[in-house]
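There are two complexes below, and they share chain A, which is joined by chain B in the first and by chain C in the second.
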Partner chain A sequence: MDILITGLFLGGAYALIAMGLNLQYGIARIMNLANGEMLVFGGFAAFWMYTAAQVSPLLTVFLVAPAAFAMNWVIYSVMLRPLVRRARSRGQLEVDAILATFGLSFVSVGIMLALFGGDYFNYSYLARPITLAGDTYALNRATAFVAAVLICAAVYLWLNLSRPGLSIRAIAVAPDSARLVGIDVPRLAALAFALGGAITATGGALLSMFFTLDASTGVIFTLKALVIVIMGGVGDVRGTIVAALALGILETFVAAVIDPGLTLAAAYLLFIVILLFRPQGLFGRRGA
Partner chain B sequence: MIRSGGTSLALTALVLALAALLPLAGSPYWQSIGISIAMFAVLTTSWALFSGPTHYISLATAAFFGVGSYTTGMGIELLPYWCLPPIAGVLGAAMAALVGLATLRLSGVYFVIFTLGLAELVRQIIIWFQNFSGQKGLYVLTKITEAQIYWQLLGLAALVYLAGWAIGRSRLGFALRIIGDDEQVARHSGINTARAKVALFMISGAAAAVVGAILAPRYVYIEPATAFTPMLSFQVVIMALLGGTGRLWGPVVGVIPFTFLWEAISSSFPNQTTLLLGVCFLVIVYVLPRGFVGLIEAVRRRVAAREGVA
Partner chain C sequence: MERRTILKTTAALAMAMGLMAAPALAQETLKIGAVGPKTGPLAGGAAVTHWPNIALWSKEVNERGGIDVGGTKYMVEVIEYDDQTNPAETIAAVTRLATQDGADFILAPYSTGLNLAAAPIFDRFGYPQITSTASTDRVAELSGQFPNLFFLLGQNSQIVGNAVDILSKLRDAGEMGNKIAMVNVADAFGIELAATAKPIFEGAGFELVYETSYPLGTPDLSPVMKAAKAAEPDAFIAWSYPPDTFGLTEQAIIEDLNVKVFYTAVATAFPAFKGRFGAAAEGIMGIGGVNAESASFQDYAARHTAATGAAPDYWASGMMYASLQILEQAITGAGTIDRAAVAQYIKDNSFDTVMGPVDFDENNNNPAYWTVGQWQGDAFRGVASTGREGAVAPMLKAGWK
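So, the complex of A and B:
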């Protein structure tokens, strides 16, 4: 029970991060390997605002999200759109996007290292115990989870009920046909990419409330987010959330029962099982 | 490469023979640069054997290299040294086969993601095993000199070039080029695409593991954090793409300048190596999408065109 709830709390933050990546990969077709750095950026901002001005991370989120949105919009328009234009096939775009975002990822790690050094950073916010169903948990984890649930729900509703959400889902299913029915694919791709970055950065800010980060942890989270996206299915918000919670619980279980050093190995085990048995994702249909 | 097979083989042999004279010059600095260049020449060329034609970006070099180092580290007390590199090669090929069978049937993205974390995965498992045995690292104490390591690497480089030349002329190499152009077409013309890709990935993995095994005596002390440094995989990708993967000799063209650049940056600005890697990736994508080789060929074509007019 203890493991289940702690895992669920962790999975909530993972869901946000992976949802950001899924919007970027599923809609904008950019496999963004610099996603983890956006997370670290969100965490950094929350840490900095809290230690410098005692601003609650829950408020910093409202600053981080627009900033990350703008940053990702610029990244997409300046760096990635030329690649989309010059790519002759989906495969070539993937290779180009992977290399370009790797470059972006290393450059941002390098800049963060130069500016802030390689130290770990964490801060103590809401580090009070609360009791749930007979066990005690840290309040900051629970708060982060509630915030993550709210944001996930908002994005889910927006995608399912609003007109831009409908268009975005149409692009995820059939990018070529979407254009034929009058959807402005390039504009919405940029919107999805920017939104994805904003969601990931928000996830980073929430995660930093209970997780120690440093300038180079980004890549670990990129990996986990990728595993979640593939497990949940590309472009599938519901699948992403289920997969993120599953990964959070599995990791917590492995860390508690076997060895805390094996969390990535646990994620990989899940990844291999998915690749072998359901490469189309949890809820995906074969051949889709 | 394919057209003028005989001359280019002779030329390669000549260059390798000249390179083999380097230790006689006796300068430790050049010796150490020579080892770096030879090591990356083997790693990038074997990387490009697989990734060049198929366009699958492998980030598994560090994992194979680490497995090779650990083979030497664990085996050196039990077996004579000369049988360790071949064992490492077999282990590397076996690991590549497992990874390939799981991921190479699917699209390239899965492969990149999987190989990205592979070194970290193997590292975590080794650390976990070490918690039981209580040891933290391994000592590799041998009488092998730097020059001997260098010659072994050159020998391996010769083997890799020979293999690359042979593959380029074989049915397997032809099949891979078709797969790289259009996998659908390849499958329809009866090529077992998964098997061809796995076979080549095994060769590439084996070569990287052998390099790890050969270099282990140089490090004297091996621990998971140094043997599985993820930086290595990225360096290999950058050097190979910087040189160009379209030709067998392409990667080396990237290795030589990048090794000097890396030495210079890491000795004067050790904290900026990550930034350097990032900038190189961006340069490759935006400025040199086909590497130095592509650049050279474009210039040569322009010169030829101008002469044709005149």
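So, the complex of A and C:
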């Protein structure tokens, strides 16, 4: 029970890390290697608001999300749309996007270094124990888990119940045919990209309550997000959630029962096994 | 044609004037190369310990008119490179400073690994390398191989040994029991310290009731802390790196780990540690320490805070600044910018620094350094050293409130 809850909390954190990238890669078709930097940006905003004005990170997210949304919209419109326009195939766009966003990640790190310095963003918020089913857990992790559940549910419902959600899913399935039925692909792709960035930055603000971040830690989160998105299946929200929770529970199980030194090995073993049997990911479509 | 001639003449005239004017305007400057992480895994630590001291020192030197070399004042010009916490980049940057930028002196890089990676390059180009953030047990071997390599920060076996001594004394005085939980980050630093510590603890009669390692960057350390707590230790020892030093301490607070001694390694001495944990930091032990009451350290801390906007840490910051003071005093003392003469001067003389006097032994090692510190009140105070003055008595960890 203890392992399950700890694992779920960690899985929730992973879902926050990976959900945004899934939207960006699955729908906007941009493999965004600057994803982690957006997360660190959100974390920094929370740190800064908390240390400068004692504003709770849970309130800061309402500032961070729109700011990140606008920022990502601009990034997509200015930097990535020309790549989308000139790309003749999905493969070419993927290569171009990887190169462009790889560069963007360096630029982002440089900007954050110049603005905030290289020091750790360190603060303590809700670092109090709570008792669930007889065991103690950190309140900040539980809070982040609740937020992760809300965000994932909102994204899932929006994609499945709303009209733009339906259109966005259509783009994920068949970007070329979607245009033929009157879907404004460029606008919705920008929307998905911006939304993904907003979710990632929100995740960063929430995770900064218990992760120690600095300007150049983004790449760690990009890697983790990549593993989860590929494992869950590109373009499917359910896949990302399931993969994130599975990874969280597995890592906690290995750490608690076998040895904490083997968590990374176990995580990548799971990754390999899933790719061996389902190369398209848990919920991915074959040939997508 | 005519216009071209005029242009040519003007250009020639300007050049000639420039040439004539040059010696009159020129100011003597020393090019000082600085290499260290601005990005990558160690950037957070370097931003506390490495870069602010370089900024502080170069500002102070230039404000007082430069370094005195045989009666001539040399201003310093610092050329900085980011090595991205990548040893290959450290080597490339040091090589570039030596061959292309024509650096007169190069400051030692940051951390044990990056310093050792760059040592052969410093040696090949004949630059003295005064390390202040490298900690190793192979000092004699290394300084034999690289004669201009100096060590300020100390040796791992002493750092570990002094920590065990403190625990032994507390146990023998009947203040705590015999059971130790020891964890380490699975990285060169953590593995070496844990491997050094284990036989020393066992030799001192301690029982290791929990022992594990965890990967660098582990996102959730609560399983480690829960297992450690379940083993009911009297002392918790972690050979940890900055992100996990914070992570383990936070989990200990949440789990209300009931130990008499709580020890975490790198970053325990950072002001940000106290900033984050506040009163809960009271009584936490860690690597390093300073004589927080000494006037020279307090003066240094005040200047550091005023110039860089952040307080120095209570371990390597002072040593980093001391390495710069030693370089400056050696250049002035030798009266030349000849690097071999400066290196020889460092070996032959003792220096007055913010951390107290420094006199390198025959292995280019500074024999007197702080090994264990503890948060007591508003400072991380040295409780054990290998010959520094001002140690305070260790106290037991009394809860997390």
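Going forward, the second predicted complex is superposed on the first by the 268 of 288 C-alpha atoms of A that agree within 3 Å, B and C clash if a C-alpha of one lies under 4 Å from a C-alpha of the other, contacts with A are read in each partner's own complex, and residues count from 1 in each chain.
As a convention for this text, contacts are C-beta pairs under 8 Å (C-beta built on N, C-alpha and C of every residue); 3 or more make two chains touch, one makes a residue touch a chain.
Since this is a predicted model, take the numbers as computed values, not measurements.
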On the A-aligned overlay, A:Y137 touches which partner chain: chain B = first, chain C = second, or both, or neither?
second
Does the superposition put A:S162 against chain B (first), chain C (second), both, or neither?
neither
Is A:T212 contacted by the first partner chain B, the second partner chain C, both or neither?
second
Examine A:V109 and indicate which partner it touches, taking first as chain B and second as chain C; both and neither are also allowed.
both
Have a look at where A:D119 lands relative to chain B and chain C in the superposition and call it first, second, both or neither.
second
Quick one: classify A:L264 as touching chain B (first), chain C (second), both or neither.
both
Which partner chains sit in contact with A:T252 here, chain B, chain C, both or neither? Use first/second/both/neither.
second
Check the residue A:E94 against both partner chains and state whether it touches chain B (first), chain C (second), both, or neither.
first
Please report the chain A residues shared by its interface with chain B and its interface with chain C.
109, 113, 118, 216, 220, 259, 261, 264
Using the touch definition up top, name the residues of chain C that touch chain A in the complex.
37-41, 43-44, 46-48, 51, 183, 186, 212-215, 217-224, 226-227, 242-243, 246-247, 250-251, 253-256, 270, 272-273, 275-278, 310
Seen from chain A, its contact residues with chain C in the complex are 2-3, 6, 9-10, 13, 109, 113, 117-120, 122-124, 127-129, 136-138, 141, 210-212, 214-216, 220, 251-252, 255-256, 259-261, 263-264
Chain A to chain B touching residues, read off their complex
31, 33, 82-83, 91-92, 94-96, 98-100, 102-111, 113-114, 118, 216, 219-220, 223, 226-227, 230, 259, 261-262, 264-265, 267-268, 271-272, 275-276, 279
Chain B contacts chain A in the complex at 55, 57, 102-103, 106-110, 112-114, 116-117, 120-121, 124-125, 127-128, 131, 230, 234, 241, 271-272, 274-282, 284-286, 289
